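Each of the next two complexes has subunit A plus one more chain, namely subunit B in the first and subunit C in the second.
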Partner chain A sequence: MAGVSFRDVKKNFGAVKVIHGVTMDVDDGEFVVIVGPSGCGKSTLLRMVAGLERISSGEISIGDRVVNDIEPMDRDIAMVFQNYALYPHMSVRQNMAYGLKIRKMSTADIEKRVHRAAEILELGTYLDRKPRELSGGQRQRVAMGRAIVREPKVFLFDEPLSNLDAKLRVQMRVELQALHRRLGTTSLYVTHDQVEAMTLAHRMIVMNAGRAEQIGAPIDVYQKPATTFVAGFIGSPPMNLFPTKVGGRPVLLGVRPEHLEPCAASDADYTADIILVEPLGADTLAHGSIEGTTMIARLPAATHVAEGKLPLRFDPAHRHYFEPDTGARIEV
Partner chain B sequence: MAAEKRVVFRSAWLPYLLVAPQIAITVIFFFWPAFQAAWYSFQLQDAFGLQTEFVGLRNFHELFGDPRYLESFKITAVFSILVSTIGISISLLLATMANRVIRGAMGYKTFLIWPYAVASAVAGVIFAFLFAPSVGIVTFALKQIGVHWNWVLRGDQAMILVVVASIWKQISYNFLFFLAGLQSIPKSLIEAAAIDGAGPIRRFWTVVFPLLTPTTFFLLVINIVYAFFDTFGVIDATTQGGPAGATNILVYKVYHDGVKSADLGGSSAQSVILMIIVIALTVVQFRFIERKVHY
Partner chain C sequence: MNLSSPPSGMVENRPWLTFFSHAILVAGVLLVAFPLYITFVASTLTLEQILSVPMPLVPGDQFWNNYTQVITAGSQRGAAAPVGRMMLNSLVVALVVPLGKISISIISAFAIVYFKFPLRNFFFWMIFVTLMLPVEVRIIPTFKVAADLGILNSYAGLTLPLIASATATFLFRQFFMTIPDELAEAARIDGAGPMRFFVDVLLPLSKTSMAALFVIQFIYGWNQYLWPLLITTDESMYTTVIGIKRMITGGDALTEWHLVMATAMLALLPPALVVMLMQKWFVKGLVETEK
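Let's turn to the complex of A and B:
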């Protein structure tokens, strides 16, 4: 096994710069999630690790080896694609065995590995079926099986769960975690879903417009977002941002929806105009605005709120401040 | 199962009226002549068309006893196998290349599709000129490398000429279908195979080509039918079945025997056999495509 390191990796398509220089070290056995909105360059970054896109400048290494000019097949990686990319004319067994056969592994060894993967992924009874005879979740498993049998140094996942329905996605997310715990293979995982990023990642890279805005453990990113972009992207509903002044200096004050508490009018930091209340069962979302800035408060389910004026207290322990121009975090 | 889509007409006669022109065309231009051919094939006419005699299966009997007819069958088989296999191979190669081109792709594709707009007879004339024994530019080029080209005298060269002209005419059609087939293969499949360790050639034979099987099979049937029937124009504009019957394929023999030699009964019997062949090919195609080749 091996880690992956990025040294000022850049990518441009002609004159269009899509990745502006990413530097990071993924440790051996680590599960790193690259998360960001569509078009932020996260898939491109992953495809550069796979060798499916050329690296315009900088270096990517897998283990101790710089892989910039190494063919995908020689990088010792396996990739799971968003659309699974299963070979439609091959059975599940053949799909998994394809890469091993090319590597001239003995039939007995191939059979052993395929069976082990099938056992881990509970695919045993489907080995002789064609992909079209499988459900979405099963195809997803076959795609993972194809990656597992190769026993690569690094797993690459390109939005592997986004074609599944919500329920199956949650289930596969849990299975992925279990799988990683069992195999311990270094994994890079691209997603636009911040819940997947929060739950799966040891560390995450939050990308925006070709830049890594923040790299860190999910809980650190959540508790100390480095920029207003990260504050808005990680966490749902997103962090509220209010323009205000601290010591005469204009700043953006950030408070997460769960850190707004209804209180007596005399204790209130601000009074919100609530225009919509959404009871979700576990909690209640109150949508409205404070001094013209839209906001959302996440309140305990038992709280009774109505549309209209709502005095709110901002939890002093969970206030974030950002530079209004650059969006960068500042400590006040 | 997809829900059945059905248009509901309020009037009872309107749907019949709407399909009537199509039915009329099919009946007048297909069923009627087909029926007539079948009917004539059991008859014998004198050269002036004054007398007609019902002879049962005698026309068929005579055909299969006629070495020239059997020779024509053999020639047709060779011709159609050459036209379809070589034509399909070249088209697949061209489509694979065109599919890789990024810059100027539209230009390449347009040029490759152009020959389809040329009528068979015109294609025949073009190639007859190019390969003309005395003035042809290809003939001249061949002479430079020591090949004596004269298809007017040599049967094998005449065959090459009509095969080349027929392939050229059909390449565009095959190319279009292969290109569409190639473009419907998801890029990620190729990438997955690349990561699995397959080089370009292995990727083609283990992933791309198997996925093109339905297209290839469809084109095989279409090309055989094309070689059997639609190459009439090419042959008529170049060799006219010669020299000494070396390119006298079945459909040309039907025309020659019926129109030039006025053997209506024998010619009709031949076209009945051709009809049976094309029906068989169509049945095979539908059966196979419906059952086997489906992902």
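Let's turn to the complex of A and C:
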């Protein structure tokens, strides 16, 4: 077991800078999710830990060993790819055993590990099938099995669930959590799905254009987003941002859709022009604008709202202020 | 194929149409099969019977005589080498050419797709350009080189120039490019070095492509005419196809047609066998890739 630490890690492909310096420590046994929009460098960061991509500058260590110049197989990691990357001509058993065979582990030990992994993942009856004879979810499990049998210090996942349908994704998410509780292996998990990030992560790294905008526990990130980018990316629908002034200084006021509530006109902080009401069953989304800024309010399902003027107020405990130019959070 | 029940909607059930399409098919089969049949019949007759007009259209009783003579002794008037020896030569060419081609081209495709080295693209294009230079085009310089190397009248001379070709390299390159990068990365994490990845992953995945190439190249090698004709002057190095040519001495009366026909029948057998035995693999290689 070991943690992973990043020391000012940068990456460029030729002249293109992709990662602009990430520093953080992943603790032993921690489950850290790297989340961000497409193209922000999540995969690149993960692949540098795996050793599939060279580190342009800075240092990555696994345990207390700097791994910059260590081959992937010697880094004591295992990786699960989005497209599974199973060997198509090998059976499930051979797929899982391949890495161990190369390490010259004895056949008996290999068998033991493969069986244990198959048992954990409920793959027992599929051991002699080829990957193409399996469903997407089963292939995903085999890919995890291949990672588990290695008994690595760190698991690396690159969007492992994004090829599955919505229902299976939820199920696999739960299984992943159970698996992590059982094995307790340090894990780095890349996703662009914020629900996966919120539910799986002990801590998450919110990335934007090659920078770690915020690192923290999901609930802290949600409650105290460090920038307007994080405020917009974590939480759905995104946080509303209204230009306003505090003590004569221009700022952006952030209020999450769920923290707006309808009220009597006399108590209202704002009056919204609602142009669209979407009843979702569990709650209702009201889209519109306030003083020319588009906004969304998430209202309890029972509230009856119609298009037109809607007086709203918000709980002052749930407001956020940001610098209009840099987007950085201001504590008032 | 089930011709009696065509997909509904495409061809209606009209008896004369069924009759007509069958008639055309039968005519086609006859057109191809009849010369083969004549060849076979002629190979079982005596020379006098063949030269008589009309030639008999039913097999004669010389089957055993003709074939044993051809295999062990050859024609006495044309080239006198036994066809058995020629068949062996042809077989060597037809096996060495595809095996050599496949091994060289799969290795070079592997290098081009999976390794970064200086001038990689330049080398790829060099290989690609040779596609435009089949044996026939470069035959004079190739002959000169073979002569200087002293490999005339040898298996090396018969096979080496035919092995050098880009088609197969190109095919394997295209195939490797369709294999997802993650597979190579997964193998790297599993600890497989490049050669191990090649042997354990790429080779098994290329099995069907290799089989298809083998069939095509076996026939290509077996049927070579121009190059063996140039490079072999020694009868013991003749291939079967050359043997047939040398047996035909010129005047009709001088040629032992019954032996020529028996040799032709023998020359037909190995390619037909290879196609039949490898049919399943061959078709698989053409239509499906296992990824």
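We adopt the following convention: the second predicted complex is superposed on the first by the 332 of 332 C-alpha atoms of A that agree within 3 Å, B and C clash if a C-alpha of one lies under 4 Å from a C-alpha of the other, contacts with A are read in each partner's own complex, and residues count from 1 in each chain.
FYI, a contact is a pair of C-beta atoms (placed from the backbone, for glycine too) under 8 Å apart; a residue touches a chain by one contact, two chains touch by 3 or more.
Computed from a predicted model, the values in this text were never measured in an experiment.
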Room on subunit A for both subunit B and subunit C (clash or fit): clash
Quick check for you: in the superposed arrangement, does A:285 touch first (subunit B), second (subunit C), both or neither? neither
Have a look at where A:99 lands relative to subunit B and subunit C in the superposition and call it first, second, both or neither. both
Give one of first, second, both or neither to describe whether A:52 is in contact with subunit B, with subunit C, with both, or with none. both
Contacts for A:170 in the overlay, against subunit B (first) and subunit C (second): which applies, first, second, both or neither? neither
Report for A:183: first if it touches subunit B alone, second if subunit C alone, otherwise both or neither. neither
Do subunit B and subunit C land on any of the same subunit A residues, and which? 50-52, 71-73, 77-79, 81-83, 85, 87-89, 98-99, 102-103, 132, 146
Contact residues on subunit A for subunit C in the complex? 50-52, 71-73, 77-79, 81-83, 85-89, 98-99, 102-103, 132, 146
Going by the contact rule at the top, pick out the subunit C residues touching subunit A in the complex. 180, 182-183, 185-192, 196, 200-201, 204-205, 290-291
Subunit B-touching residues of subunit A, taken from the complex the two chains share: 50-52, 71-73, 77-79, 81-83, 85, 87-89, 98-99, 102-103, 130, 132, 146, 150
In the complex with subunit A, residue positions of subunit B that touch it: 186, 188-189, 191-199, 202, 206-207, 210-211, 213, 295
